[in-house]
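Some structures to go through are shown next.
Next come two complexes, and both contain chain A; in the first it sits with chain B, in the second with chain C.
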Partner chain A sequence: MARRELARSAWETIEFLGHPRRFQCPRKTTLLPRRTLLPPAARCLSTTPSRPAELTTEGPERFTAAPPIDFGKQDAGDSGDGSPQRVQLRSLRIVPASPSYFSAKPTFNDDFIHLSALLRKVATLPTIPNAEAPKVAWKTIDQYRIMVNEPVKTQRFHKMLHILRRLNTINPSLMPDEVLGAMQRYKKDSQPGDVKPNSGAIDELGRAKGVGRRKTSSAVAFLVEGEGEVLVNGKSLAQFFGRLHDRESAVWALKSTQRLDKYNVFGLVNGGGVTGQAEALTLAVAKALLVHEPALKPALRRAGCVTRDPRKVERKKAGHVKARKMPTWVKR
Partner chain B sequence: MIIRQHLARTGSRALVRSSSHPLRRFLSAETDARHVSADDSIKQLHTLDTQLDTPSLPPASTNDSHTHPSATPAQLSAQVAEQYHQFKKQQQLIGKLGSDITPHYQPHTLLNNPPSPADVTLELLLASEAHQGHATSIWNPANARYIHGIRQGTHIISLEVTAAHLRRAAKVVQEVSRRAGMVLFVGTRDGQDRAVVRAAELAKGYHLFERWIPGSITNGQQILGRCKTKVVNEKDVEIDGFDEQLWGRPVLRPDLVVCLNPLENYVLLHECALNNIPTIGVIDTNADPTWVTYPIPANDDSLRCIQVIAGVLGRAGELGQKARLAAAERGEVVYSPAKGLVLPGDEDKAAADTSAREQLSPDEQQKLDEGIVDPDDLATMLDEAAHHEGKAKSDRIKVVS
Partner chain C sequence: MSSSRCLRRISQLSLDRAGPSSIAPRCLLTLPQSSTFSTSAARNANPQGKKGSAAPPKRGTRTLNVKKGRKDAGKDAGKKPGPGERKAMRKRIVLSNNNALEVSGLKDLEKENALDGSTEGQMVGIHEDAVDVLRAVEAFKPSQGWSLFRRPATLMRKETTQLAQLLKQVEESEQSTTIRRVLVGEKLNGKSTLLLQGLMMASLREWTVISFPEAQELVNAHTEYAPLPGSNPTQYTQDAYTANLLSQFIKANNKLLLSSPLTTTPSLPHPLPPKPTVKQLADLGVANPEASWPVFTALWTELTQPGRPPILLALDGLSHIMQNSAYMSASTTPIHAHDLTLVRHFIDHLSGAKPLPNGGAVLAATCGSNSPTCEALDFSLQVAEARQGTPDKVPLWNQYKDVDARVMECMKDVEILRIRGLSKDEARVVMEYYAASGMLRARVDDGFVGEKWTLAGMGNIGELEKASVRLRVGAMGYR
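Showing the complex of A and B:
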């Protein structure tokens, strides 16, 4: 047994010594001069005039493919028996974890193949228009890249998103659980509609609270049903706001909906200037009013009382006189 | 007459409808009209109008309760589901009825049920347009032996040669998979991805349908270093606990590469040639057959032809894998195992081994690594081998005579 093994290895050595070229790099073979690139004369298949070899050899670097496999020689069937532990070790081999290993982006390609196979499977299910499909916030490419830790190309990711959007338009009553589960992986953690604004409640004393901000001012307003009395920081509206315009804008939410004589307002404002405080009160009163009467929302929106005005003073920049103003240009 | 019948059919329903409307209108008018927006009220008016109009319109079908315009979206989608299930049921019942359709080409069958190497016929190859070459002006003369002739200015590939080469390539894939080799299927043209993925799935191989990243073999550690590997036993069952040992190992390289569009994959084939990795390629009349080890002369521009070839090679790989798993069931291991692996419990013993090895001189270590034998030993071994072989030859001669 051992003798035969020895004999085989020795014969391999002899072969190696006898034919050294066989084990050399196949690029060094001297076949090149013989390949004159002329068709055989017997079968004239070319319609183009033949050119000298030195003209046709320009192009990419030439190489010769690996030699054919010699299956007879490589029979490495190692079927000797040993202890159970040795049996396990000699049968172990290392393979890629994914069939997409050689694409260098195995997770992404596996995801893509899985999703396209899923789409083929459910392609005949009825769909709804894209506008009516449930709103989904998909992961951005950066989030996805962090998740899989692979350099995914933007274009390829968008192809995958296209499949996901198509899957999302399947009629909700026929949506398979499999698709829902598959889509979950590509959704952001927080979805639109997850965070519902607290609608507020009227407390036991009949008060509704609203908070509003404008510029650097902030205001809290408490609204109770009453006869139209307004107190801001303990003073009446006329005492607190000197300008008529500010008095009007502080209770504009009530005035535009003709509720001025139906509610009492108790407001607390701080920060900022007079205009900011008045307009912060507008928002606070509108929000408190919405707690009492939610149906007023469209009317209040048209009156411009629902949206917070996000404008703030722009910061001053270095090299500028103000936020954007540049110093006067002096020639010298 | 018709009108009278129609009235008789729908009259009672119309009465019921009209009686229900005042109530609905009353309910909808309960919200404060002043605060309802203009658009909302217009919308409401529209819906009211449609509700009021429907009884006067002739109903589209007898069961018009399903198609009532004021049905909520939830009701509508429930209807869709119901109709879809009915349609499916109907399809199951009457789908097979009707005239017999003669066998014809169905594109999906090549992917769902690819032909096996035994199914390769000249008819199949001809039907899949494997014979169409390129215009004669752009030919590569090295393909002259694969070309049957010229027709209308294009070369026609000889299908006998194609079939023979395809069968040979299938045999190669089968043998490589039987020995647990890693077969990589590459098709980077548009539309080849499904064929490539399917072939890899059948052969338990690997696929590439995007660009080959240059250097994946010659500079593999940089490019594939992050991709995960695993340890499996002869029955392809993953063995856990080797994660730490897999960390620093060199990246894997394929044992056989099947390239369906060699023209675009020059870099891949060059890298394979540099690393002595055999390749199989679909060689059209404008490609260089020396780029690959086993050329398959065929039309690489036809997706159908590519699907046939990829399917045949995938099926061949499947046969090889089956043979390997059958051998594994019998307890045979047909490949050389991974070197340097230590069973997860045995790290201490392995460490002791390596420390013992470090006590040897560097020369001896190298010899151990490379399996080099001393010249004296080699001479005796050669003598013995020659003697043994001579004896064997004489035995054979005896048997023959």
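Showing the complex of A and C:
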């Protein structure tokens, strides 16, 4: 950003040479298209080795210094007489657009100044409470540091985030496109709510399908309206699960919502042990039930049928007897 | 040890030593040679003085024996049960529970309404006479929940009515009709109970009742057996079992039949009293187990004479008699169960090879919990079910598998009676009975019944009882 501004301001300086007023570089107007204008073969100025590619989704921004201004060549093309300009040039003081022009890595400063200016511009727009503002996942400081390839201080970054949050609370119906575009730069690639689970559909036979997992078992349940018949892998519930507790687990989603006599379940389970299979079925049946009656979600969540239990067998470690157990201490 | 055994032991000692002495030099692990009657060498090998000077225990071995559950700890654990006591406890049949409430309005099944389907879907009590009969033929099983209620009662479910219809058909037909059915269904679905209900109804209708309560006992070689003289291929009689069966027959069948005189003159190894009755004939077999099989055949001939009542033959645990028995022939080959005379007798009637001349029913129940795998039987039952339901889709035997041809032959055209789960109405009746007995303390409403019905695997009655009555009783620590 700075390099192009330098280039632009330099050119404007040269164009301005004939005018008597003090030269001031204009503020940049747009932020978005600048990345597309970058020369592809630009060289990174940083002396630190570039970070491994897998750490970052997008590499650090390329940085190119502005070409040196050749004053002698300039006046030859523009005006017939070069000597009075050369005198004027010497008395001129060029003010760079960015206050951080003379620092090695001005990107963060520029970003900060840009956002501050933007906020000053839109400060009068009505806002909504922070809680009601759209949920945004901002880039973490590490992600931002990688993006700009600059050692940004945490405190300063938080100040910038503060501005961003304030911009985010502008009433969405009045949100200017300029602000939206500016905020885009600081958002993570994936935002909360981006990935929407496809809500299942009831097929032409009236079946809703749900999939559940627990430990190493996985289960698929098909739910149709009926009178409480349950088949698991083609067997009745009592045949498949010897323990009453497991049977209750398998249909717990229906039992806890008093729907046991309103649906028939056809379950397919594989993998794992008996308890795992029963609890995988809990989840599968609950998900299938949510397709039929989405309003039951809070009730099912209270019954513990919505969240997948992520616990698995912990792996055994070298030097241990089991995952954590150490061999018995023996004196010598 | 008695003195004679002591003497024998000593003489054996000297013989034992004399035998292996010739090969002893070749054996690396020879014991120290010593004269049989001297113990000095053995004593020298471990002198008393060296007792304490053994090497100290190795590192890591436990020297202080303070752990519980060691062998010595069990020494004073009290008196052990005597021989047979545990089994008697296990097989004990308890038919009443004084703590359970009397269910008001529970009517007994009577002779008049036994077969007319008017009690379908109701709980009926079992009449005391019928209880005696069923006890005699060991129709009550220890695993069933009779001990939870005041007095025995059963649910007249849909399948019971089907069976009653069949029995009624036998009674009403002009010519003799033999009903042959195999009762199949899931585990705990009430197959044995349906058999019990069949026996109950038949005994109420004054049929002759003969039951093999546990087919496993016929074939597990716990009773003596002997080849039947003059049989080819050799058949084997089980005298003690047959004598026991005859004594059960006497207890289970009505006095009128037993006191009726014989119409045939059987030739038996033991003399009969003059003007013998049926009971006297059976008693002869009970008193002389070695003659029990001829007595049984004579009794059967007598029972199948014209004018005698219909017969109900029942057997529980069919798959046990559809394989080799645990008995061995003289050439130490296993004897097929069908070579046992009693099993042969039952199988002949089940397969229809021998009809019952006065009509009757042959019922065999499969067992869900204690049944050896018998692929031929399973296949035959599948075929039988397919014949009844979808005759165009009868399964075919896998030609690359060995088949027990005798099983396939005898099960060729048998019919099955499939027992499914209770309907919700029936489940409700049962649970109301549980509640009325005070064994189920919950309000029996649609939601409760539906929940238990589902958890019991779509109305499996055994599971229903487990889930609603036994679970609570078990939780209280009373079984």
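One rule holds in what follows: the second predicted complex is superposed on the first by the 232 of 332 C-alpha atoms of A that agree within 3 Å, B and C clash if a C-alpha of one lies under 4 Å from a C-alpha of the other, contacts with A are read in each partner's own complex, and residues count from 1 in each chain.
Basically, contacts are C-beta pairs under 8 Å (C-beta built on N, C-alpha and C of every residue); 3 or more make two chains touch, one makes a residue touch a chain.
Note that the structure is predicted; figures quoted are calculated from it, not measured.
In the superposition on chain A, contact is made by A:149 with chain B only, not with chain C. Judged by the touch definition given at the top, the superposed model places A:229 against chain C, while chain B stays out of reach.
Legend: residue contacts after superposition of the two complexes on their common chain; A:270 is shown touching neither chain B nor chain C. A simple residue count on chain A separates chain B from chain C, and the partner touching more is B. Of the two partner chains placed by superposition, A:191 touches none, neither chain B nor chain C.
Touch criterion met: A:244 reaches chain C, while chain B stays clear of it.
Contacts of A:101 after superposition: chain B is touched, whereas chain C is not reached. When the shared chain is aligned, no partner comes close enough to touch A:130: not chain B, not chain C.
Overlaid on A, the two complexes show chain B and chain C touching the same residues of chain A, namely 258.
Contact residues of chain A toward chain B in the complex are 3-4, 6-7, 9-11, 13-14, 26-27, 35, 37-40, 43, 45-48, 60-69, 71, 74, 76-79, 85, 88-106, 109, 113, 125-126, 128, 132, 149-150, 156, 171-174, 257-258, 293, 295-296, 298-299, 302.
Of all residues in chain B, those touching chain A in their complex are 31-32, 34-37, 40, 73, 77-78, 80-81, 84, 136-137, 139, 141-142, 144, 147, 149-150, 153, 155, 172, 175-176, 179-180, 182, 184, 197, 200-201, 205-210, 212-213, 216, 223-224, 226-234, 239, 246, 249, 252, 254, 256, 266, 269-270, 272-279, 290-294, 331-338, 341, 343, 378, 381-382, 384-385, 388-389. Residues 227-230, 236-239, 244, 247-248, 251, 255, 258, 260-261, 330 of chain A are the ones that touch chain C when the two sit in their complex. Within the complex formed with chain A, the residues of chain C that make contact are 60, 186-188, 421, 424, 446-447, 450-451, 453-458, 460, 463, 466-467, 471.
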